[in-house]
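Structures for review follow.
Look at the two complexes coming up: chain A is in both, with chain B in one and chain C in the other.
Our next item is the complex of A and B:
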């Protein structure tokens, strides 16, 4: 794997873009400017970034309740995302969906999803559509360790393997399904083992290493694009925040939490880029500043956008 | 992704179960194990303890566990301190490399848990248990049943940094990333302790040039580049790749090889482990001070003749 400077800086840029958006969302939520719930992706940026770097607008992704990172990595518009968080009319769902329902089918984002494990059959169906159309597009499914215990996981992988669908299943294992530790919820440690039962390749990678994810995802995407069927990619990671913003988070060991914070994917990658002379600290700070400005603009856009009108409540409930 | 088989938790529990029954049959009274997250040994034991009225005592090692590769090293140190007669490892080349750093002169009986390994044996658990048990019960015969493995020691500025049990590869790829080596194009130089025709991995390249057994007093040093010999080798399960070998030579024991490396990675036993961001001076030495390894065939042949 030889990576050019533009690609490497692009990976860094996407991770910072996600982190900046998420930390702003945390502030806004704490200030009661965002209604509803937000589940932040901070700490897991390397996964969406490393996977979506292989995708184009014609490929599909199906996301989760912790979906901001996936949507941004796939090319989601920051203004429309932020406006949706603010429940404004200019948002992706015209302010009526919120954080967990953002979708943009025009660029292959089939939606974040409030139901754990619901992304699996959606992405599998999209994979079937890709196969039937035969245009070389693929489908990527993001889900968590908790979702891998649900029936939708097993049914979807079974169908995808039986029909050799072009789907990459990306399990973001952050070790906690809300507050249930993986250790008490399953008898195996490596979730990739589950691929064996469906006759598809399964591989686990360090989900806090963007290049490890990029490389492994590249192989899985290549398999899907070349008609060789589905793969399961398990990226082991850690969420920096609680399950949702504002929870007391009493279930995680603070020592373990500190160890994982030290593996933060963004400083890790930054150190690699600087050490190899690929970028200077100034180059990277310029990227950081750019996304701070963009996210600030997105907040302004959201703040200045109109609320949805009460008589729009029943519009867009069904497709026309 | 290659097409290898990695044994899952259930299979590992099955292997351990069979090893324990083999050890019990040979009259082993006590074993100690690394307490890992999946609790493979307790789960294996729970399924057979009552049914087979096992006498064998099975103890977890009292040690700090971080659930990372270093645990194997720390477990080997602890087992050495306990004075065990044999360490049965379950894992691949990487696990055995960690154990080799800590086991000292305690012999290993390495059992492979995947199809992409060179150092451990692809051996059935019952057989491993019987061989390990018989070996441990007969201290006077142990020198006849073991060989000392070779290793490659890597040092930077005169300070030992790591070892390899099978191969050291110098690779032009800048990052460790997913660790695996899927293509040979970035391969610059390869040092091997052994190169056997029936092995997979980078050592299979050497086997096609000049086979080297685990017990031969030399290794191989292969330089890759254009205008050389084309070699086709199975570098991973189902992955047969072409390499262009510029030159090769036998690698003598105890000869220090200086390496000036820049912008690349060093792979140990088939996985990228060390990133080289700028020019650095390294040295590499093949020696015969690797772990002692039990030959289960020799041990079990003795059982047959004594019967």
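Our next item is the complex of A and C:
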């Protein structure tokens, strides 16, 4: 696939942006600066990056509890994201949502979600809205291998195929639903086989290869945009961190872990860029430094932002 | 004024709202070709076509869940869940998604979403097709709950719901679909949080909603023959509910009986009793009484189901016990 330099560097940049944000969040959480839970996307950056590169602000995404990467790839603002992790009034949700519920409706992000599998019907309905409005927008649903075992998966893919909705279902298979490994949770190895049951295309790709994801997502997005309906894209990947930060991870084999760390999507893509003469190491380090600065700025913004006032508890229960 | 049925009042309200607002669409099981199991969407498919009147598969989770996503993306879905008992199948979509989004996202999203759902017993339909579960939904901040007892309110509350900016559980009662009443042809709104005094009285206050309003009125007629004057209040919406009307009535009559078809424990009557106890304890001359279904599943046998349901006799008996 021939892709232009700006696009390739953009893919690299988005992956690094996500990784930098996530590793900073890990440190902040470990230092008890972030309340609640955080579920980090480190290791899975190629998926959100490769998919969202095809989307614009008028397209919709519905995300998961591991949502930071989707939000960043869709154009979420780092300051407002970080402020939300810090539970500040300047955060995306005014401190009422936290990591698991960040949304930016103005750019089509219908929210991270604390319920596994909940993004599926939401993205399906957003797809129906796109179809009814007829303005060419589409909807993308991110969810994991665990969610693909839920009833929402079946009902959503069935409805989207019956109604020919412009939805791309992106299953991020990181092989573990908290502690339950895919091989004990389902009798198939390739989750994309499930698409057959809905009469829609199902494709599995290496989710740690950003170009493979980009290419497969391009096909699925094109299909949705041209009125040809839904698809299932399965991207096989690995989370570098525990299910949530601070989790002891008693269920993952260290050998398996090492094997996957060697397939880290970022150094892997970096090597390709250098090998193909797209960028020099120095070009890439400049990108890295830029995001380190931006993330540092976001932390400063969050730290300096005010907490919500106690009586804000009562605001926004209803739209008046 | 002309009279039409409760079912016709609903379909007429839907049609008028849909003509005015292109964002409104209908989805649910049998809402299109059949016109709704109880004919509350009759004629809409012919007028608005299959894009806006969508027969769905049997897929309650996706009916409710897709509607949340469509509303978040700027549509105004009015979906139907065929029986209240089936709400269990789509509870996450209502409890954790629809009800929470506006607050949890810091006010960014307004969900203009109406979930129409019939409920009620008396059809010998047994434990999975008869329950009155309105209290569930009143317990969830972020939702509003309407429950009309007349054709007039059915249309007016539905029109209000369809221009509200929040997720609404719009409960209809099976027993009422065929009831006729005066309904204006033009559009009008019945506001949320404003009860209707169905009968004025001075000796005892009866509070109810849905089908039981009519049982309460029958009981009030009976007591009138015994020289007792009853004030019957129809709440019309349960969330928000009209505390002011209920409390000022209790201050006048000094006695309160609450009637609901739902089972007793943690029914919405408990909320009313607690509120009146907190706000008007000094006005009461007698304990607050609840007339409710017992804490059992709903049985099939007509003999057993009749024993399960409150009726005008049990209501009248409770009222007499306070005098």
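Things worth noting here:
One rule holds in what follows: the second predicted complex is superposed on the first by the 318 of 320 C-alpha atoms of A that agree within 3 Å, B and C clash if a C-alpha of one lies under 4 Å from a C-alpha of the other, contacts with A are read in each partner's own complex, and residues count from 1 in each chain.
In this section, a residue touches a chain if its C-beta (ideal position, glycine included) is under 8 Å from a C-beta of that chain, and two chains touch if they have at least 3 such contacts.
This structure is a prediction, so every number in the text was calculated from the model and none was measured.
Superposition model on chain A: chain B and chain C are shown accommodated side by side without a clash.
With the two structures brought together on chain A, the opening angle seen from the C-alpha centre of chain A toward chain B and chain C is 120°, to the nearest 10. Put simply, more of the residues of chain A are touched by C, taking chain B and chain C as the two choices.
In the superposition on chain A, A:93 makes contact with chain C only, while chain B stays out of contact range.
Touch criterion not met for A:53: it reaches neither chain B nor chain C. When both complexes are overlaid on chain A, the residue A:105 reaches chain C alone and has no touch with chain B.
In the superposition on chain A, A:83 contacts neither chain B nor chain C. Contacts of A:317 after superposition on the shared chain: chain C is touched, whereas chain B is not.
Judged by the touch definition given at the top, the superposed model places A:126 against chain C, while chain B stays out of reach. Once the two complexes are laid over each other on the shared chain, residue contacts for A:211 go to chain B alone; chain C is not touched. By the document's definition of touching, neither partner reaches A:11: not chain B, not chain C. The superposed arrangement places chain B and chain C with a least CA-CA distance of 26 Å. Looking at the complex, you find that chain A touches chain B at residues 1-3, 183, 187-190, 193, 196, 201, 203, 205, 209, 211-216, 219-220, 223, 231, 272, 275-277. Contact residues on chain B toward chain A in their complex (touch as defined above): 1, 3, 6, 8-10, 37-38, 43, 172-180, 182, 186, 263, 275, 277-278.
The touching residues of chain A, when paired with chain C in their complex, are 60, 62, 91-97, 101, 103-106, 110-111, 113-115, 118, 120-130, 132-133, 139, 151-152, 155-156, 158-159, 162-163, 315-320. Interface residues of chain C facing chain A in the complex, by the touch rule stated above, are 25, 51-52, 54, 56-57, 59, 61-62, 64-75, 77, 92-93, 96-97, 101-110, 141-142, 144, 165-166.
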